[in-house]
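In what follows, chain A forms one complex with chain B and a second complex with chain C.
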Partner chain A sequence: MQIATPVLALFRVCIYAFLLAPIVVVVLASFNAGNFLTFPPQGLSLRWFWTFLQNDVFLDAIAYSAILAAASTAVSLVIGTMAALYFVRHAGREAETVRVGVLLPLILPEILTAIALLFFFYEIGIGTEHKIALFTGHVLMTLPFVFLNVTTSLQGRDDSVELAARTLGASRYTAFRRITLPLIAPGLATGAVFAFIISFDTFGVSFILKGTGSAPLPIQLYDYLRFNFTPEAAAVSTVSILLTLVLVTAADLLFGRKA
Partner chain B sequence: MTEVSLRALQKLYGKTLALKGISLDVAHGEFVSLLGPSGCGKSTTLKCIAGFEEVSDGRICFDNKDISRKLPEDRDIGMVFQSYALFPHMTVAQNLAFGLEMRRLSKSVIAERVAKAMEMVQLTPYADRFPKALSGGQQQRVALARALVIEPAILLLDEPLANLDAKLRNEMRGFIRDLQKRVGITTIYVTHDQDEAMTMSDRVVVMFDGEIAQAATPEEVYDRPASERVARFVGNANILELPVMAVRDRAAGGFDLTLPGGTPLHLAAPAPWANGALRVMARPEQISLTDPGFGQLGGRVAKRYFSGGHVEYTIDTDCGPLLVLGPTTQAVHEGDAVGLTFDASRLWPMAPESGAKP
Partner chain C sequence: MKRFRSYLLIAPTAALIFLFIVLPYVTVLIMSFRAPADGQPYGEGFSLGGYAQFFGQAYYAWSLPQTILLGMATTLICLVLGYPIALHIATASRKWRGLLYGIVLSPLLIGIVVRSYGWTILLGNSGVINATLRNLGVIDRPLPLMYNNFGVILALAHVFLPFMVLPLLSALQSMDPAIAQAARSLGARRFTIFRRVTFPVSMPGVQAGCILVFVLAISSYVTPALVGGMRVKTTTLLVVDALIDQFQWPFGSAMALVLAVSAGLIVLIFARLTRMKWT
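So, the complex of A and B:
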C-alpha cells in the first residue's frame, strides 16, 4: 500500500515529538525562575543551576556515578571483548549459550537481575555494604552493550588477518594489539559509550544494591524528589542529558563513519 | 636438498581423521601443488605446515629440523590466503612493512625493501592506498608481496586465485609462477583447479579423503595417473575395458588387446595385475576421428561442441560413449558415422581401485 509522503512526514514528526518532548520539558523546566517544578516555566533564570552547583549532595552523586560508570565500563570492555572474541572465533556448539548468558541482563527485567544479585551477595556473606555488589550489578548491566558492539565489528571477518600477522612474525599478543584491536576499535568505542550511559542512568540495580552511604545520581535524584519539588532536579537532569549528548556526539565523530 | 618434509602427518578433528598419514618431501625451490576435491584436507595440510593447527601425529621438518611444535611466528613462512587477509586499517606500504617491523629492522631498510617489493608486483603507484580501494587482482598482488617481502624460507598459498575472474586468474597464474622462479622460493600451493595445478607446478600432489593418491610431475599425473579416480580428477578420461588376447611382458609392458569388432590394440605400458581384461585410459585428445570404415573402432557422433580452439565430440561406440577432442578443420556433424584411431603409445592401464599399483 502506498502511503502519501506528507502523511509519512507527519508520522515521523509525531514520533520524534513523542520521544523528545519529555526531554525538552525537563530542559525548559530547569531554566525556571519560580520555586516549583512547573511547566511552562515561570520566567527564565539560571538560579537552579547555581543552587545545584552549590549542592554537595548532587555534585558528589554525579562524581560517584561518573566513577562507577567509568569503572564498570572499563571492566565490561575487558570481559565483553573477551566474550565476544570467544563467541565469534572459538565457541562451537556452546556459542548460543555464551551469547544468551552474556545478554541475559538485557533480556531479563532489570529488577530481576538486581534481586538475584542481592540474594547472591547476602548468601555469600558480603551483602550490600561493600560497593562490590553495586559494582557487579553495573558490570552485568553494561556487559551486553560491549559484547554486542564488539561482536558486530568482529563478525563477517574470519581470523585470517590475525593468522597473516602471525606468519609475518607477530606473537599472539602483538597480533591482537596491532591487528584485532584497531579492527574492533569502533565497536569498542560505541560499546564504551553505551556502557557508560547505561551505568550512569540505570536505576533498578542501583536502587536495590546501593547499600548505605553515597549513592549514584538517579537514586539521589529520586530521594530528593520525594521531599522537594524544585527545578533543581530538572537542572541536574539537564546537565546529565548534556553529558550524554557530548559523549554520543564525540563517539559518532570519532568512529561513526567507520563503525 | 629437502626443504619441507611431512612425515606420516595425521590430523584429528574430534573424531574425524582429516589427514590420514601424509608423507611428502618438497625440494628447495620446488613449486608443489596440493590438488584435490573440496574437503580432502588440502587446507588442513597447509595449516599444519603454517602452524595454525597442531598435528595429531607425525612430524613436519624444515631443513631436516622438526618444527612441529613451533609457533607460526617462528617458522619463517610467508602465506597468501584466499581472502588475501590484508590489514584493512593499513595502507599498501604499511601492510608490506608489517612483517619487517616484526623483525625489528631499521626504518631505512624497511622503506627500501618495501619499495623493492612494490616494484616487484608493480604496485608502486598504490603505496598509500588502503586495500579497500584496490581491485581484486591488485589486492592479490599486495598479499603476495607482503608474504615475500620478509624473504621467508617457504611460501604457502591457499587457493589464492579463487576469488578472481577467469581472465585475471590466467594472468596471475603466469605472474605467480614467474615470480616464484625468479625468487627461487620453495612453494606449496593449494588448489582444487586441475588446470591451475598443472600449468603452475613442478609437481602435483593429488589428494583424496585425507590421503595422497599420487605425487608426480603434471605430465606424469595426466598421462600416467595412479588410479582411475586420479585420472578422472585431473582431466577428462575415457576408460575402456578390453579383453587381453596375449601378454608379452607383464611387468615391462606389452599386451595385445582387442577392441569390439576384433581390431587388435597394442598396449606398451606395464600392468602386472593384468588378468583376462584390462581397463585402459585414453584422453580425449589421444583419439582422432577418421572416415567411417577406417580406424580401429566405429562410432556415431552423438554431440558436437565447438569451443574456439577445438571441437569436443561425444561418440557413441560399442565401448560406450567416448569423449574426443578434434581440430576445427574437420567437417564432422552430429549423427555422422565416424571411425576412431587411438594413440596406442599413450594408452595407460588403470590399476584396480582396491590394492594400489606398485
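So, the complex of A and C:
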C-alpha cells in the first residue's frame, strides 16, 4: 500500500492536467506569431488579436451572442425565480414532478430538443427567420440554471422573516421586495451569471435554429474552424474565455462572500 | 384563492415546458411516421419509410452500435478518471477543496466549441503532441490521434468529465467518515475499505454519473464533428446531416428516435444490472 499512494497522486495530477490542457493550449496558441498553428510557436505576437479586432464577422457574432444571452437571461431569471418560489413553498406533493419538469431542457439531449423546436416552429408556420425559435431555445437552455441556483438559495432560509413582515402589515408584494428578494440576491446573481454563460456558449439550439443572417459566436467559430487553421480562432476563443472569467470573478466578488 | 395565486408562479414555466418541450417532442414522433418526399421536407400521408431507410442501409444502421460503443467507452473513461478526482476532492482540506472544485468545473464554463478546438490543437498531425514527439525524435511520422475514434473518445471524456465528478462527489460527501474509520480500526485494509464501504456508498453517484455521461456523449455533435473531422460518423451526426443538409425530415426524425429509444433501453438495462434505486 505504501507504493500505491504516490502512484495514485501522480495519476490525479495527470487528470487535473488533462482537464486544463485543451483550455491552456487554446490560450497559448492565440499568441502564436506564425500563419498556422504550429508547435513550438514561431515567436510571440498579438497580431491575431489585431486581425480579430478588424474582423466584423466575429465582432458582430460576439455582440449578437451578448444580446441574445442578456435577453434570454432576463426572461429565465423572472420565470425561473417564480418557479423556484413555487417549488420551495407551494409544490407540496407535486414537488418532484415540478423539479423534473423544469429540468427537462437540461436532461434531454440539447440537439434533439433543438430539432424538436425546429419542426414545431415550422408546423405552426413561424419557422426560424424571426429569431423567435432561437430565443425560445436559449430561454429553455438557461431556465434550469436559474431554477437550480434560486432553489438552493431559497432552501437555505426559513420564511419566518417574510411572515413577520406580513404580520407587521406589509403587503405580499412589499414583503417579497423588501425581505425575500435581498435574501436570495446571491442566488439570483449566480443563476444569472450561469444563464448568461450557458446562452453565450451553447451550441445545439443555436446551430439548428439560427436561421439565415447573423449567427451567435459558437456557430461562427465552428464554421470558421471547419475550413481555416489560422490562430485567429484561438484569439477569438481566448477573448471568449476572458469574458467568462471576468463575469465569474465579478459575480464572486460582489456576491461570493454572502452566498 | 390562495391555491390559485400560487399556481400563477409556476404557470409561465409550465406553459413554456408544455409548449416548447412536450409539444415539439410529440411533433418529432409524428414527423418520423410521415411520408418522405423529394424537394420538400416531407410529403402527404404517413409511412414507415423513415425507419425502413435507417434499418435497410448498412451505412446508417451500423452507425447505431458504433455510436453506442463510443458512448460506453467515453463513460468508462470518465468513471476511471472521475472517481479518484471525486474521492480526492471529498477528502481534501477546506483550503484545497475550492481550488480543485474550480479546476473540475472550469471546462463547463468554456464553450464546447472552444474545448473541442483545444483538442484539435493538441491531437492534430502537426499538433502539440505529435510535434513534441517528432522533435524529441521518438517518431518519424505523426501518430493518428485525430480523425478517428481514439481522438473523439478522448475529447468526449474531457468534455463530459465534470458531469461524472459532480454526482460522484455529492454521493461521497454524504458518506459519514466514521464508517471508514470504524472499518479501519477493525483491521480492514485500504482496498477492502474501498471495495466494501466507499464504493457501495457512492453507488448512486456512479449510476447517475454514468447515465448522464452516456446520454450526453451519444447525443453530442460538435466534438465528433471537429475532432472526428466527419470521418467518425455517429448517429447524431447523421441525424443532423439528414435534417439540415438533405432536408429529409421523416428519415432524420426516425433516426433520432431509434437512437433515443436505444439509449433509453441501455439506461434501463444498466439500472437493472446495478440494482439502481430510482428516486
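Here, the second predicted complex is superposed on the first by the 242 of 259 C-alpha atoms of A that agree within 3 Å, B and C clash if a C-alpha of one lies under 4 Å from a C-alpha of the other, contacts with A are read in each partner's own complex, and residues count from 1 in each chain.
The rule is simple: contacts are C-beta pairs under 8 Å (C-beta built on N, C-alpha and C of every residue); 3 or more make two chains touch, one makes a residue touch a chain.
Keep in mind that this is a model prediction, so the values were computed, not measured.
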**Prompt:** So if we stack both complexes on chain A, do chain B and chain C clash, or do they fit?
**Reply:** fit
**Prompt:** How many degrees apart are chain B and chain C as seen from chain A, counting from C-alpha centres and rounding to the nearest 10?
**Reply:** 100
**Prompt:** Who does A:A189 touch here: chain B (first), chain C (second), both, or neither?
**Reply:** neither
**Asked** So, A:E110: does it touch chain B (first), chain C (second), both, or neither?
**Response** second
**Message:** So in the superposed three-chain picture, is A:A21 touching just chain B, just chain C, both, or none of them (first/second/both/neither)?
**Reply:** second
**Request:** Would you mind checking which one, chain B or chain C, touches more residues on chain A?
**Result:** C
**Request:** Pick one for A:I179: touches chain B only (first), chain C only (second), both, or neither.
**Result:** first
**Request:** Report for A:G169: first if it touches chain B alone, second if chain C alone, otherwise both or neither.
**Result:** first
**Prompt:** Quick one: smallest Cα-Cα gap between chain B and chain C in the superposed arrangement, Å?
**Reply:** 8
**Fill in**
The residues of chain A that touch chain C in their complex are 1, 8, 11-12, 15-16, 18-23, 25-26, 29, 36-40, 78-80, 82-83, 85-87, 89-91, 98, 101-102, 104-105, 108-113, 115-120, 122-123, 136, 139-140, 143, 147, 197, 200-204, 207-208, 217-218, 221-222, 225-226, 233-234, 237, 240-241, 244, 248
**Prompt:** Which part of chain C faces chain A closely enough to touch in the complex?
**Reply:** 6-10, 12-14, 16-17, 20-21, 23-25, 27-28, 31, 41, 81, 84-85, 88, 100, 103-104, 106-107, 109-115, 117-122, 124, 126-128, 131-132, 135, 155, 158, 161, 189-191, 215-216, 219-222, 225-226, 236, 239-240, 243-244, 249, 252-253, 256, 260
**Complete:** Seen from chain A, its contact residues with chain B in the complex are 158, 160-161, 163-171, 174, 178-179, 182-183
**chain A-touching residues of chain B, taken from the complex the two chains share** = 50-52, 71-73, 75, 77-79, 81, 83, 85-89, 98-99, 102-103, 146-147, 150, 152, 156
